[in-house]
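Listed after this line are the structures, all set down as structure tokens.
One chain, chain A, appears in both complexes that follow, with chain B as partner in the first and chain C in the second.
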Partner chain A sequence: MHLTGKFCNTEGVDTPAVKGADGLLGEVERAEAALRAAADRAGAGSFEAVIEADQKIEPRDVMPEDYRKGLIRQIAQHAHSEIIGMQPEGNWITRAPSLRRKAILLAKVQDEAGHGLYLYAAAETLGVTREELTEALLSGRQKYSSIFNYPTLTWADMGAIGWLVDGAAIVNQVPLCRCSYGPYARAMIRICKEESFHQRQGYQSLYVLANGSPEQRRMAQDAVNRWWYPSLAMFGPPDSESTHSAQSMAWKIKRFSNDELRQRFVDMCVPQADILGLTLPDPDLKWNEQRGHYDFTPPDFDELMRVVKGDGPCNRQRMAHRRRAHDEGAWVREAAAAYAAKGKTA
Partner chain B sequence: MNEPLWEVFVRPRRGLSHTHVGSLHAPDARMALRHARDLYTRRQEGVSIWVVPASEITASSPDEKDSFFDPAGDKIYRHPTFYELPEGVEHL
Partner chain C sequence: MTDPMSEGSSRVNQQARVPQRSGGTPLELADDALIAAQRLSEWVARAPTLEEDVALTNIALDQLGVARLLLQSLGDEDELAYRRGDAEFRNCLLVELPFGRARGDLDFGWTVVWLLFLAAAQKLRYEAWDNEVAAKAVKESAYHLDHATQWVIRLGDGTSLSRERVQAAVEELWPYTHELTEGIRDDWLSIVEPVLKEATLVKPSHDTWRPSGGRSGRHTEHLSYVLAEMQALHRAHPGVQW
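Right after this comes the complex of A and B.
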């Protein structure tokens, strides 16, 4: 029997709700209500019964080893993505065009660090240590989202990333607010609420550029051209080739397939692009009356696999930067530990 | 270097109790408080924070949750709804 243990989890409770929340943010609110409702239902018992009753598995419950391992892999990959994801945008903080945009970008990058930490804490409840997780990222044993291996060439990329990359991330993440593992679901609720600011600031920034001078407009269009297909690739390989999906669905970790989420994202983006007055770089994009969805050209999955395997435009640079930042921060960690040890003996 | 784990509790507003919001690693209590502020109250989610070393928390075990909480299970007379009142009685 373990008397002391880790409870670390992150709650979305009491974060201020956005007024008039609808669409995806409304879904987050409903997931939060469902989480509370599940907690109110009578205790279910076995792992299978809890999953069946749509209740939440909590850290010290008995769970299948594959459930535990699969969740660690997924949550860790997600956490690493947040941490590496600070780099492409961090690249532009010192060159933001105004103090206002700089403050916004700084807040966004700070949020990403926060999201990484919520997620590491959620992963740790499954019995992995922070040191192991850090090592897995630095050694390259665990991956992060391939999207962050693309370069941010102009200021307009900040807008395109907010709109498309964060937009795709939200579409992916909103269903995770209903994930069967309690700490992950709670972290995702909090993350999704914060993430919607990321998407809106990006869209608004791009809107300003799209309605600016001809050069600004060209820059905005160029950014959308470069980020569209990598964003579509963020949903992962097509369903026919996705390896972990069926079991994840059965365990209610995942709720929708890669292709379903990709389609949902495309359907959302097309009218948003119209309002921006920008063109999505797909000549075959068109409404399909019969399906009730837009037809679109899928991303280049061979390219996705190449980037996952380490051969994207910025893989080496991102990893080298993270290792350097980790090494260069070592003296701070050592000093803080020495100071803490001194406080204990005094 | 293993920094200890801290559990974070935030009082969202005056009049509400502190609620567990999550956890973090920090070398000592003061750093834990600073990190908690940066991590869990970036949007004014709180007016007061507690940090507690996770190793200092003693928890009941989920394995014995049935037997541990059983004693309260058959004492429905602890709830006011157990008592049937005669018709017409007020303020009770």
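Right after this comes the complex of A and C.
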């Protein structure tokens, strides 16, 4: 298809290396190889045996109802996040300060629509329709990532989102490339490859600001101050309070706990912030020799829960925007269906 | 008043200003594509389907890509895009109009009719050129034209409501196509008329009002709003890198 060739237009940016990110991309490639190897092995039989043998469950296989439902919930939430996530960045496309940045941002937001499409398609293999999922989003029955309920107040937010939000998303999503459900694992491999470009362009954009005029530098630091804790909250509640984690781990949907992934993200960000010359807004952030990790202040989980429940700065705005786009498009979708029913091909 | 784009204007490389009526000047084509990209960007996260979100963003990217290549051939792309005032822009009036009758409107039927008219003209103008930029642009315009054609037919021959909406858009936008197609009108009509026919749409019977002025820098009220939004951040930080 013509359009898919355009994904990843964010490539070609002249970038200081995002320290630690190459390892993650290597992990995606190893997951892809493992996926092919799993496909080559003979069928293992029962659901439990397939999971045990690290093979993939495919749409026609028998699976427990809770496995199916849990995956629909998770994949749909991920798809909804891509769709709602177009708004905070879309907010700056018409005001991007150079044509090159405008092109990169347009390409990135287009990738997000594309990711939403793959993910809805992956969810559809589990026996739901896109219409049902759209309805679940618009009615508020299904959620999307709370990070998108924060506002993008300055241009530097485009850089901070790329670096921190896409960075956190990659840390979360790379293990999903090994998820036991085949269509989800395959979608995630493709998505992670594109996300790594998103992170790189954000980091590069922030680097330019951090090394620019005093005003640009202030803008960059302010953006990092606002996005740091919401990014840490993207890994979800602490392990002790996570509702879906244990079963997801047993079924090899999830491979690492929320707290493990959060720690991995912090450990990656600290040296990256040093290269940027920006400060992470945590006075207690320090290397712990004994643990071999950085100690850090956890995000405010009460705030996370308030935002999840609908009381973040932009929940109402994001949902109103999505509902309006859906409602305003109704006559177009009806006309397309009416035309298709006439049996002609436009 | 002197024409700010006349000989001696410092921002535009003189060599690239060879007038080519059927091709349009590089600056005219660049500005058409740039303002079209800016307008299309308003659709991001607002399209009627997810597939259309991808498609419209893609078309905006194509338009922006051609605009950049053309502007780079004329001078510094950002200087030209961000530092010129509205009277220095050479785009046709069609591309600066809102996607509906009033500022802030975003009508999908209006947009696909607009794209049909624009892409047909851009394809013809790029075909009249003979260079690498044009070769890339012709291919992309052919895709934009195909995409718009399919939607105009679907909506024209869809429901009575959709027909009414795209017919209204044809009537509202038709006057602006005279400026758009100066020098290529017959070829343009031979592309557009069969599409309208298949879509069961009709051209307006009254066709005497033919607004123009964009090519000499006399624009509608809409352009300065488009530029205000596009240029505000860049102009607030003169001389920095992004």
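Note that in this section the second predicted complex is superposed on the first by the 320 of 346 C-alpha atoms of A that agree within 3 Å, B and C clash if a C-alpha of one lies under 4 Å from a C-alpha of the other, contacts with A are read in each partner's own complex, and residues count from 1 in each chain.
Heads up, the rule we're going with is that contacts are C-beta pairs under 8 Å (C-beta built on N, C-alpha and C of every residue); 3 or more make two chains touch, one makes a residue touch a chain.
None of these values were measured; they are calculated from a predicted model.
**Q** Mind working out whether A:Gly114 is in touch with chain B, chain C, both or neither, as first, second, both or neither?
**A** In the superposition, A:Gly114 touches chain B and chain C alike.
**Q** With both complexes superposed on chain A, which partner does A:Gly343 reach: first (chain B), second (chain C), both or neither?
**A** first
**Q** For A:Thr129, decide between first (touching chain B), second (touching chain C), both and neither.
**A** first
**Q** After lining up the shared chain so the two structures overlap, which partner does A:Met268 touch, if you call chain B first and chain C second: first, second, both or neither?
**A** Touch status of A:Met268: no partner.
**Q** As a test of reading the superposition: which chain, chain B or chain C, is in touch with more residues of chain A?
**A** Touching more of chain A: C.
**Q** Of the two partner chains, chain B (first) and chain C (second), which one does A:Arg333 touch, if any: first, second, both, or neither?
**A** Once the two structures are laid over each other on A, A:Arg333 reaches both partners.
**Q** Considering only the touch criterion stated at the top, classify A:Leu285 as touching first (chain B), second (chain C), both, or neither.
**A** Touch partners of A:Leu285: none, neither chain B nor chain C.
**Q** Show which residues of chain A both chain B and chain C reach, each in its own complex.
**A** Dual-contact residues (chain A): 2-3, 6, 9, 107, 110, 114, 117, 333-334, 336, 339.
**Q** Mind pulling up the chain B residues that touch chain A in the complex?
**A** Spelled out, the residues of chain B in touch with chain A are 1-3, 5, 7, 10, 12, 19-25, 27-28, 31, 38-39, 42-45, 54-59, 61-65.
**Q** So in the complex, the part of chain A that touches chain B is made up of which residues?
**A** Contacts found on chain A: 1-11, 13-16, 43, 58, 60-62, 107, 110-111, 114, 117-118, 121, 124, 129-131, 187, 194, 333-334, 336-337, 339-340, 343.
**Q** Per the contact definition, I'd like the list of chain C residues that touch chain A in the complex.
**A** 34, 37-38, 41-42, 44-55, 57-58, 60-61, 64-65, 67-68, 71, 77-78, 81-82, 106, 108-109, 143, 149-151, 153-155, 157-159, 161-162, 165, 229-230, 232-234, 237, 240-242
**Q** Going by the contact rule set out above, which residues of chain A touch chain C in the complex?
**A** The touching residues are 2-3, 6, 9, 83, 86-87, 90, 93-103, 106-107, 109-110, 113-114, 116-117, 120, 155, 205, 208-209, 212-213, 215-216, 321, 324-325, 328-336, 338-339, 342, 344, 346.
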